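There are two complexes below, and they share chain A, which is joined by chain B in the first and by chain C in the second.
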Partner chain A sequence: MSPMYIARTREVAARLLGGEMMIMSARDSTLFSLNETATAIWQAADGVTPLTEIVERSVCANFEVDPVAALRDAEELVEGLAKHGILKVSNQPIAEEK
Partner chain B sequence: MSALIQEMSDKAQRLGVPLAVQFDLTYRCNERCVHCYLDHDDRGEMTTAEIRELLDQMAEAGVFFLTLSGGEIMLRRDFFEIVEHARRLSFCVKLKTNAVMIHQPEAARIQALALDSVQISVYSHRDEVHDAITKLPGSLKRTIAAVRLLVERGVKVVFANVLMRENFQDYPGVQALAAEVGAQFTIDPTITPMMDGNRSILNLNIERAQLQQVFRDASILGTSPQEFCAPPAGPPTAEDAQNTLPCSAGHTFCYVSPYGDVYPCVQFPLPTGNVRTSRFLDIWKHSPQMTEVRSITISDLPVCSTCSHGEGSCSRCPGLAYMEGNMRGPSSQDCEKSFVRTGVETAGMSIHREARLVAGLVQIRNSTERPHSPQAV
Partner chain C sequence: MHPHPAPPAQIIQALVGPLMGSAIAQDVLIEIGAMPVLVRTASPEFLQILQERYGGFVNSAAQPVFEFEVEIVPPSSIPTAIGDDDDLSVCFEAGHWVLERGDFHAELDPALRHGRIWQSANPYAIDAAFRIVHSLLLAKQGGLLVHAASVVRNGRAFLFAGVSGAGKTTISRLAPPDATLLTDEISYLRRESDGYFAYGTPFAGELAQPGENVRAPLAALYLLAQGAENRIDPVAEADALRAVMRCILFFAQDCELVGNVFDSACHLLQYVPVRRLTFVPDSRVWELIV
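And now, the complex of A and B:
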């Protein structure tokens, strides 16, 4: 299976509030509140680190979770956020937006 | 307000975070609107470097919703540099502008900024009425041309239609124009005093019968007129009064002027500090004036806590009350609105009426004495 790369888009507003990331999509003004683990994934979405590695480093190392379940949850999260233009997803590393 | 935004706002309040800020970049303007509450002279606006530093501090403090307003914001030559910096800091940015300086290149840059929205003042769908208010010939044509450019590019545009005697009859026309160009429409039936306390522009406010018409127009209420104008629910319970805050000013919201002065709200000109001499977060957290504003609950409002309008039909603005002389007092403009909505007099109105009556009686009793002022009664 090819690796999945994720990158934050610039079409969002975001702020950490009490440990949870508030994200507003500029595309449709939808507001999201990410819990701590989702926040960790979003913050680590640099376009060059594969999702498996992000989950390993940012989720499994810091939270008591089953690695398989964590990756499955992360993929679902990524899919949901990508639909609203909050994350970009690719099977290739993603260049930083200028 | 969505449940999540309400939850976010409650959380910010618990944590003492200034979730939303209105920041006026300049008071200079290329229009001279008859109802404007600002002094348009430049009395020493913050520099680009000062503004960038302030935005950094606001982001660090947790500000999420940032409204950039004026004056006309695009009169600042560094306007795009400021907004681009704000977006790099991930603020949810809303602009307030008259849009007359927006052409193709500016529209393209605004689109690229992925803003929340652009709010544009439109007073009428007729050139002669709009331009007579802005005192800028050709302003409506230029504004609408800019609106079309923005909407074509997918930018969310919101018309702000301030109602005055001069343009009251035109709001359905503005509403129709908004629909035609693909903009959203909001209405504001209140003219507020100038920031220096001058109340002369209040003469422009629409008449009671006109306000009644607005409050019964389902097309602009967002709810049914029956619900909006329902009789008041009675005074708040002691527990509610103790736990209910007057509004978000000073709690999760504040205002920063082009000179760096920080106030609880743009309509609440109580000076609390200046970001040129103190850090934004220090003013927010430790200013005695902010602390005082934050300490006030409904139970501290001697008149309003007894008023039958309670929360439901009252939209009391503590800033307007402050401008009338007492931040814990009623705001007569909001009392008027509550009355027009429901037909039931507010506690503030009763007190003013009784005060006028007593003042009159004193005059009759001894015509050589100076009458008591209503405030003294």
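And now, the complex of A and C:
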């Protein structure tokens, strides 16, 4: 299976409030809130670190979770966020938006 | 509370508008939230509508921050691409904002601070255009239009936010005689050097009554809920942001401006307490608002 790379898009505004990452999609003005583990993935979405590595480093190392379940949940999360245009997903490293 | 001078409604000047053919166009300056917008029309009937609806907000001495030419046309001649039942559309094309609803079409040039509106002679289209323009102007200045009633009491403004049916008009109706109504529908917030201020608006809800043209420092924002008792409860920061964002009027799908509005809402929460106000439809609720 090819690696999955994720990057935050510029079409969002994000703020950490009371431990929740609040993300506003500029495309459709939808407001998302991410829990702690989802926030960890969002913050690590640099376009060059594979999702598997992000899950290992940012989720499994900090939360008591089953690695397989954590990766599955992360893939679902990423897919959902990508549908709303707030994350980019690719099987190649993603160049930073200028 | 800091009253704004509101001279009687006055037509500033008569001139021949180049976009109005040979008709005589007249101007009226309508200042909402300290943002004077000049409206020019060749229609005496429409001018009368403007004076009746916005009379308390006319300020002929102000310097306009935006100018509108309003062309009154039959409904069938409005150059809109969307039907009567379609929602409002606001998009940015080739340096212009294009606003469309079934009953009007408007094109705004933000660089020139000038716009044209095609509509029939009714107050609803210009009212919608005003709301949109003010939301766009405010977005760049840290201000917000909020679905909220607002009232001044003891020199301080209180906002009561909620979607339709939450009780904005009810809480306004229950306000005591010493309270000044700023609006029962759309509240106008500006970030100024010494904090947030709420301004009166002519944007009325079920009360069908324009607000007073005054401003006051914002003391608190209440999220309205109707219940079995009058009480005020704290709201977690993230919940407050969610609730406030639901009540903010913003129409444009523009990344930069949406980001500005989001940042403004976050900023507002840092400086203004947000609480949940549960109330029964009874004037005693105002004993809690001091």
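Rule of thumb we're sticking to: the second predicted complex is superposed on the first by the 98 of 98 C-alpha atoms of A that agree within 3 Å, B and C clash if a C-alpha of one lies under 4 Å from a C-alpha of the other, contacts with A are read in each partner's own complex, and residues count from 1 in each chain.
By definition in this document, a residue touches a chain if its C-beta (ideal position, glycine included) is under 8 Å from a C-beta of that chain, and two chains touch if they have at least 3 such contacts.
Owing to the predicted nature of the structure, the values given are computational and were not obtained by experimental measurement.
**Student:** Specify the outcome, clash or fit, for chain B and chain C once both structures are aligned onto chain A.
**Tutor:** Partners clash after overlay.
**Student:** Touch check for A:29: first (chain B), second (chain C), both, or neither?
**Tutor:** Both partners, chain B and chain C.
**Student:** I'd like to know which partner A:44 touches here: chain B for first, chain C for second, both or neither.
**Tutor:** A:44 sits against neither chain B nor chain C.
**Student:** Looking at A:4, would you say it contacts chain B, chain C, both, or neither? Reply first, second, both or neither.
**Tutor:** A:4 sits against neither chain B nor chain C.
**Student:** Just chain B (first), just chain C (second), both, or neither: which does A:89 touch?
**Tutor:** In the superposition, A:89 touches no partner, neither chain B nor chain C.
**Student:** Would you check which partner chain A:15 touches, where first means chain B only, second means chain C only, and both and neither mean what they say?
**Tutor:** So A:15 meets both chain B and chain C here.
**Student:** Superposition on A: which chain B stretch among 45-53, 81-89, 171-179 or 369-377 collides with chain C?
**Tutor:** 171-179
**Student:** Which parts of chain A are touched by chain B and by chain C alike?
**Tutor:** On chain A, the overlap between the chain B and chain C contacts is residues 10-13, 15, 17-18, 22, 24, 26, 29, 31, 33.
**Student:** For the complex, which residues does chain A have touching chain B?
**Tutor:** 10-18, 22, 24, 26, 29, 31, 33
**Student:** Residue numbers of chain A touching chain C in their complex, please.
**Tutor:** Touch list, chain A to chain C: 10-13, 15, 17-20, 22, 24-29, 31, 33.
**Student:** Show me the residue ranges of chain B that touch chain A in the complex, using the header's touch definition.
**Tutor:** 2, 4-5, 7-8, 11-12, 15, 17, 19, 59, 62-64, 87, 90-93, 114-116, 156
**Student:** Considering the complex alone, what residue numbers of chain C touch chain A?
**Tutor:** 236-238, 241-242, 245, 250, 253-256, 258-259, 262-263, 266, 269
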